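Shared chain: subunit A. Partners: subunit B in the first complex, subunit C in the second.
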Partner chain A sequence: MNNVFAVAGIVIKEMYRRKDFYVLLILTVLITGVMGSVTFFNDDKIVRYLKELCLLLIWISSLVIAITTIARQMPSERENRTIFPLLAKPISRGELLIGKFLGCWLACGIALVCFYSFFAAITVSREHHFYFLNYFQAATLHWFMLGILIGMALLGSLVFAAPSSNATICFVVATAILLVGRHLNQVALSMRGGQQAFIYGLYYAIPHLEIFDVRDLIIHNWSIIAWPYYGAAVLYALIYGAFFVAGACLLFRRKALN
Partner chain B sequence: MRSTKAPLLLLVLLFILCFSLAAWLDPRSLARRQQRSTDVLGVLMGDSRKMFANHFFVKADAYFHSGFYPTIFDNRESFQTPHMAGDAGAMKDENQGEETAFMGKPRDFIERFNRHFIPATHTHLDQGGAEGSKAGADLGESPAGGVREILPWLQLSAELDPNRIETYMVTSYWLRKRMGKVNEAEEFLRAGLRANPGDSALLFELGRLYHENRQNDERARNLWELGAHHLQQGKPPLADSDKFMLSNLSLSLARLEESHGNLAEAINWLEVFKPVSPYPSQVQTQIDDLRDRLGEPAPQAEHEAPAH
Partner chain C sequence: MNAVLKIENLRVEYRSKEVGQRTKLAVNGLTLSVSRGEVFGFLGPNGAGKTTTMNVLLGFVNATSGTARIFGVDVRETIARQRLGYLPELTYYYKFLTAEELLRFYAKLFRIPKAEREARIDSVLKLVELEAARKRPIKTYSKGMQQRVGLAQALINNPDLLILDEPTSGLDPIGRMKVREIIQRLKGEGRTVFFSSHELGEVETVCDRVAILHQGELKVEGSVDDLIHQHQCNLEQLFLKVIGYRAV
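Up next, the complex of A and B:
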């Protein structure tokens, strides 16, 4: 386990040494700040449009940070040939991959803490009410969703040749699931025969990332999600994340390093 | 020796041609410049602005429902007319079916599970929205002021498509009726009138503002008469939306004149209202009542006028 945490620590250090996170955080703060300075019909209590914009920026930023960070991990180790001295130490290939996954996931968690703290500060300053439990649920569900995505991109980094192609495919898949994943069953029902079976099969097979997108509940101040359902969603994310990481470990065990 | 007259005449001809062309082009270019929006959005987006304007108008209605809104995959029968526009009387309500059940029953266990993570209850912001519907829950603060949240999207919609009249009507209704922001409503309507000079719907709404909020019946009468005049001057047959607006204007004018004791004027406006009303016989009864009060005999033929 120490080996895993040692690798994870390196990935976290890498994230805060790189500029990506800072640039995205500053952009989010700037755009939200500028939009927050706009007054509509002399009413300074309007806040939901600002919450929506801020959350959208947070989601985009987190997807960029998660996918680009994990997608370059293994290819850069191989390209720089640092993977050989790394594996020469008493660390297994599986531990290396789990360490990379854990490091990236924790790094995304740290980034989300910063982003959601800013979001909470903005909304509290406007609404004068802190919906702690709601924000906690939204942030943690977001984090667990990133876990699935990081697992998927880690597996992709062993399948696809270049980090750019892996990152692009992961972005496209994640966006497609977030936009239409919820409605695939309706699309399938409008079809017949083999097409219907295929689409419905796809609907059951894909990781439903959209479940973790609870922005509408946060924007419109809906009440908190019942804890059993929240727990079930977390379990769902853990299972899918573990599935992708296990798949990556299996693939990496037999993969030639050069 | 070659004549010098020919090139000189040619030059004069070219000069006249240039002058004529400039005189022909200048007013057209001026008109085009006046028609075109000079803002950055207009230049960048062109006519796609109208599509986005419609999107933001619908977005405002989604906010009105606190996010409980059908997507393109859902049954939209009960959301054909945005509810915020129907409530404001800005659009003819064409909704059918049960508005609370557009999702239907969950088709599988994933969908059933999914519904715990999205807004799944029908609420309206003016009735408390998501917070009002869950008394005693974790959230619960502002009661009816939440309707202000639709305003940014309506303003954005109006900026993208200044010729979309419904946006001004809906915004003005919610501003003056539910938020007490009469000055802001008037300013917004006047901006609409600058973009759509003489529009009868905007004149009607501005008249309502003067009548209901400022108690200035003189200005309300002038505005409504101007709106009705514009519609009556239009080429027949009138479109359904124009008929709807003419009925609003003429009925409002009739009520206004009646309340001021100008019964003859009220009868005149009811006569305008009758052909565009869905219940002409009832309008005729009202006309007869007013004639009785005025001491005028009712013309026999009018009783048998067919419904349009």
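Up next, the complex of A and C:
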């Protein structure tokens, strides 16, 4: 694990020495701050809409940070040839990939803490109440969802050489799953034969990222998710994340580097 | 059993990108052995298979057949690289890190204990004369300084075997002299150096033994003195003769 943590540390360092994270954070802070300070139509419940918009912004920012960071990791290692002195050290290829995954996931976790802390500060100043467990569940499930995406983008970065094509594909897939993933079984019902089997297969094979989207817990201050369901969702994310990272390790295990 | 590096009947084939040709032979039946404390020059024209052989030794490329061992351990094993230092031909490192951070990262991969780690970093930075710039990001370094960072990272674990791929390419005369001094110093300490170079005068000066590779096959191998006496010419003339060069 020593090597894994060493690589993860470098990924975190890289992320916080680049400008993209700060640009997104400042943008989110500005929009959240402005929206949190205005009152539209003298409506007391307007804060719900503000929360919805700001959380959407946080979700988009986190997707951009997670996918762009992990998508460029392995291609840039190869393109900049930094992978050669690195793999000439006693580190296995699996440790390198797990380190990249862990570093990016932890870095995204730190980014989420920044985003949600500021968002919570703004909303609490309007609502005068802080539903800690709602925030905890929403933020941690968001983070576990990013874990699945990071694993998927890491695997993609070994298949598609260009980080931009990998990032675009991951964005399209993530957006498609978030928007239509839950409806695929209903689409399958309207089909027959092979088509139906294919859509059902797709429905059961894709990681259902939408189950991690519990922004309503914060927006409407609903009661929290029962902990067994929360635990099941976390386990689901861990299994999918591990599946993608294992796939990446298998793909990279014997790949010639020259 | 004094061999630090042992290659037996190594064959490496690549999938060819040329139409009508399925594979390309990069190394064919290479057998050689490097003993402890030797400075071994690995020579050959561009495309001879030197870098491919080094890539096999470092585990970057898998051999099609044959074996390669470092300290008796198969090169595919991660542990084979524990006592090895490697300087690639083109030095590229994480530009967002400082030299000190880069060396600390690599030292962690070698599991050098924390107390010893900082002393090692100080010592290699002093050796390559980068102490003053240790806290500057690598992206601000000149080419020569980046090459010296490369040398520092190759020495961070105090390696018993150093693999250098054209270590002096792109360096100014002072940089070349410095690299040569370091190789001589390592030789004096009984360490093994395996390096490729196109600077044949330099090879003649520092190497105990050389091997000349051409079109993936080993053409000549032996001690520098023996080869010079045997062929009655200097290393450069021998090299040109072996690769079949004829002046126009």
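Rule of thumb we're sticking to: the second predicted complex is superposed on the first by the 253 of 258 C-alpha atoms of A that agree within 3 Å, B and C clash if a C-alpha of one lies under 4 Å from a C-alpha of the other, contacts with A are read in each partner's own complex, and residues count from 1 in each chain.
Basically, contacts are C-beta pairs under 8 Å (C-beta built on N, C-alpha and C of every residue); 3 or more make two chains touch, one makes a residue touch a chain.
Just so it is clear, the model here is predicted, and its values are computed rather than measured.
Chemist: When the two structures are overlaid on chain A, which partner does A:216 contact: first (subunit B), second (subunit C), both, or neither?
Modeler: Only subunit B is touched by A:216; subunit C is not.
Chemist: In the three-chain superposition, say which chain, subunit B or subunit C, touches more residues of subunit A.
Modeler: Higher number of touched subunit A residues: B.
Chemist: So in the superposed three-chain picture, is A:204 touching just subunit B, just subunit C, both, or none of them (first/second/both/neither)?
Modeler: first
Chemist: Look at A:49 in the shared chain and tell me whether it touches subunit B only, subunit C only, both, or neither; answer first, second, both or neither.
Modeler: The first partner, subunit B, only.
Chemist: Is A:183 touching anything from subunit B or subunit C once the two structures are fitted on A? First, second, both or neither.
Modeler: First partner only, subunit B.
Chemist: Looking at A:133 after the superposition, I want to know if it touches subunit B, subunit C, both of them or none. Which is it: first, second, both, neither?
Modeler: A:133 contacts subunit B only, not subunit C.
Chemist: Does the superposition put A:196 against subunit B (first), subunit C (second), both, or neither?
Modeler: The answer is neither, since A:196 touches no partner chain.
Chemist: Can A:225 be said to touch subunit B (first), subunit C (second), both, or neither?
Modeler: Touch status of A:225: first partner only.
Chemist: Within the complex, which stretch of subunit B touches subunit A?
Modeler: Within the complex, subunit B touches subunit A at residues 63, 66-67, 71, 73-74, 107-108, 110-111, 113-114, 116-119, 129-131, 134, 137-139, 141, 145, 148-149, 151-153, 155, 175, 179, 181, 184, 188.
Chemist: In their shared complex, at which residues does subunit A touch subunit B?
Modeler: Within the complex, subunit A touches subunit B at residues 38, 40-43, 45-49, 127, 129, 131, 133-134, 141, 182-183, 185-187, 189, 203-204, 208, 210-214, 216-217, 219-226, 229, 232-233.
Chemist: Under the definition above, what is the set of subunit C residues touching subunit A in their complex?
Modeler: 14, 51-52, 55, 58-62, 78-79, 81-82, 84, 86-88, 90-94, 96-97, 101, 105-106, 108-111, 150, 153-154, 163
Chemist: Inside the complex, what are the residues of subunit A that reach subunit C?
Modeler: Listed in rising order, the residues of subunit A that touch subunit C are 2-3, 6, 9-10, 13-14, 17-18, 80-82, 84-92, 254, 256-258.
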